[in-house]
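Two complexes, one shared chain (subunit A), two partners (subunit B, subunit C).
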Partner chain A sequence: MSQLSREQVREMMADVMAKQGKTLPDDDATALDTFGFRSLDFSELALKVEDEIDEELNFDAPGLRSIETIGDVLDFIGQLVEQA
Partner chain B sequence: MTEPAGAGNRLVAGTFEGTWRDLATLDAPAASAFFVQGHAEALAAVWTHATDPSRETLVASHTRKEAGLVESLRAAGLATVDVAGLDVAVDPLPEPREAVAGRVWLLTSGSTGRPKHVAHTLDSLTTVRGEQPARTWLCPYTPGAYAWWQVVTLGLSLPGQDVVFVENDRLENWADIALAHGVDAASGTPTFWRQALMRSGETLAKIAFKQITLGGEPVDQGVLDLLHGAFPDARVSWIYASSEAGASIAVHDGRAGFPEAWLTGEPREGRPRLSVDGDELVIASPHRGEGVDAQLHTGDRVEIRDGRVLITGRLASDEINVGGSKVSASQVRDVLQSHPGVLWASAKGRRAPLVGTVVQADVVLSDQDTTEADLARWCAERLADYAVPRRFRLLDSIPIKESLKSDV
Partner chain C sequence: MSDVTPIPSASCVLVSGGSRGLGLAIVKTIVEHGAKVAAFARTVTPELQELADAHPDRVHVGSVDATDRRAVTSFIKEAEAKLGPIDSLVNNAAVGQDSLHVHTSPDRIEQIIETNLTAPLVLTRAVLRRIMAGPGRGRIVFITSICAQRGYAGLVAYSATKGGLDSAMRTIAREMHGRVLANSIAPGFFASEMSSVLGQTQLDAITRRTPSGRLVEPDDIIPYIDLLLFEDTNTNGQVLVVDGGGSI
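Moving on to the complex of A and B:
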């Protein structure tokens, strides 16, 4: 990840959940649906990252359907940031 | 020539201070489009028109002069005239046509494409009639705009209506100018008023306003309450008016929207007929521009709530599609502006993965302790999940355009 560490993205993800009174589990293998991380939350996280790095991310990558865990989200965002 | 009834009213515009009678008349072709540097030049163009019934006139700020517009005005038979101080530079037409006596052209804002010219007369632009209390008005609008003409025709046609004009580059100091010249009535957009209260509240508190008027943008209850609170002795009115529809709605009861009962029954003599088609406001106004549809579909979205018809924003720009669910940007804006820590807000769509678009809000706080999380919670309690803004931008000041509307 060129401009943001995985941990920084994780903190942003935690912020998204905290705004809704939810806590992000510590284990990256946790499935997203077990703690209510939805499409809108993913969108918000992506925009937070865009604003942080001041670059638009290219969301036309094909991996979206395989994003099921916290680790998947962090991996995917990491790839997008590297390509930005 | 019959002199206009307000010819002796006092005008303040830049370095000019005097009555209409003290203004110079401009030496220009009978059918002319005047591009003016400031208000004094614009008023001279108006006086030239008002004292010669054979004339046909357009007045616009020099900032609006661009090649395409000039070409279309000249094609329509108007010579173009640049007025800067005492300098009058005429670009005549090779084959001038006869002027249409008394016609006044207005340019639309052009926010949805090239500006259109709408035909009026001084009479059709004069929407306040009858005996009125003496006032000193502040006019912050750009020369040639419909709202500018409304203040100008008021000052021209009714005795006792003095006007203090504020040049665009002095807008930040308008409260000082108003105080110095004894202003007790002012007209502006909700954005203009919010910005003024934020920036110049202490000076404004020294001004004994008797009349405050809002228009040009959706008027929400929040801004009306702010103004009532700041100026308890003033009448606070909101109006709906445009160059095409003309002045159509005036509400003085301190509440947002107008009574639903106005949609039914016969309007009083000289008043427009109001109706709703789907969720669009339709107006049949005797003050409309020449050639404008008798039943004008305004493109403005309305909502009927608790017996009031609320005008919430432009239909074309109001809808945000979040993952297939429709969100009204104006509804989000209104919810945010009802938060006690928010002075001004605007909502729009922002491209996002998975859902295509999410709602993003720009906010100016009145209470700096308010957080994004507070705003998100406030919205979540009042809006559908998908309509809650997912990104907030906290701005230091309210963005504003030359039209005094918010720059978003």
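Moving on to the complex of A and C:
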């Protein structure tokens, strides 16, 4: 990740959850469905990252469907940022 | 006074996106009806070429990008030189989409609209002009989608283009008053295209929600192609939904 650290993205992800009154678990292996992280939450996170790096992150849905854990989210965002 | 006799069966049909799947099945049924067919696609598959080789006097195929207007015009001229006047069209070529609107780039939206809406409208215009200059009467079929009538995530631009075609189809039916039958066929989701992007669990869920218990196959669509191209039913300006009841 060139312009954003994994930890910074994690903090943004925590912000997305906090807006809904939820807490992001500490363990990256935690499954997303256990704390109610949905696809639109991923979109919101991606838009926050876009604002931060000033680049659009466009992607197809199949890649999103393979995401199951917090670590997967951070990995996928990292890949998108690198490609941006 | 207008001619009120039925519009004749299709005798020479142009098919866009005729190289595989539903498009190829459409080409095959036209051949089986004894009509002539000119089919193009970005790539001519061995299956399509095989048909052309088996029926050299009735089938003309070419590798043409539907958005390349000059190439499409050349193909129509070649086809008419070989087969005679075109009197019918099946607009089948399209690109899919599987991305949320907020994550679909403006360039990609533009490409989808160019391929799925602008190109078929331009192709339809060309064929209508040929019909008016030649046989005088004909039939136009648009392959659209249930997405034009129901909302499905990940298909915003795609749905807009299909809805646009359905609207255009109705207007053509009115505008070409008495000279052309224009209709759409709106399939539900095809088993093949769904399985390429969805997991088995998701496929099973969609199938469960479909009253007929199965997703759409090209063979489900062909009887409607036959009806709209070859039968005298006075069907005009309609969207025929073929989705196993998934949208009800």
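Here, the second predicted complex is superposed on the first by the 81 of 84 C-alpha atoms of A that agree within 3 Å, B and C clash if a C-alpha of one lies under 4 Å from a C-alpha of the other, contacts with A are read in each partner's own complex, and residues count from 1 in each chain.
We adopt the following convention: a residue touches a chain if its C-beta (ideal position, glycine included) is under 8 Å from a C-beta of that chain, and two chains touch if they have at least 3 such contacts.
Remember, it's a predicted structure, so these values are computed and weren't measured experimentally.
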Would you check which partner chain A:48 touches, where first means subunit B only, second means subunit C only, and both and neither mean what they say?
first
Using the superposition on chain A described above, determine whether A:19 touches subunit B (first), subunit C (second), both, or neither.
first
A:5 contacts which: subunit B (first), subunit C (second), both, neither?
neither
On subunit A, positions contacted by subunit B and by subunit C
39, 43, 46-47, 57, 59
Using the touch rule from the top, collect the residues of subunit B that touch subunit A in their complex.
322-323, 350, 352-355, 358, 360, 372-373, 376-377, 380, 385-386, 390-391
Which of the residues in subunit C come into contact with subunit A in the complex?
98-100, 102-105, 108, 153-154, 197-199, 202
So in the complex, which bits of subunit A are touching subunit C?
39, 43, 46-47, 56-62, 65
Would you pull the subunit A residues touching subunit B in the complex into a rising list?
18-20, 39-40, 42-44, 46-48, 51, 57, 59, 64
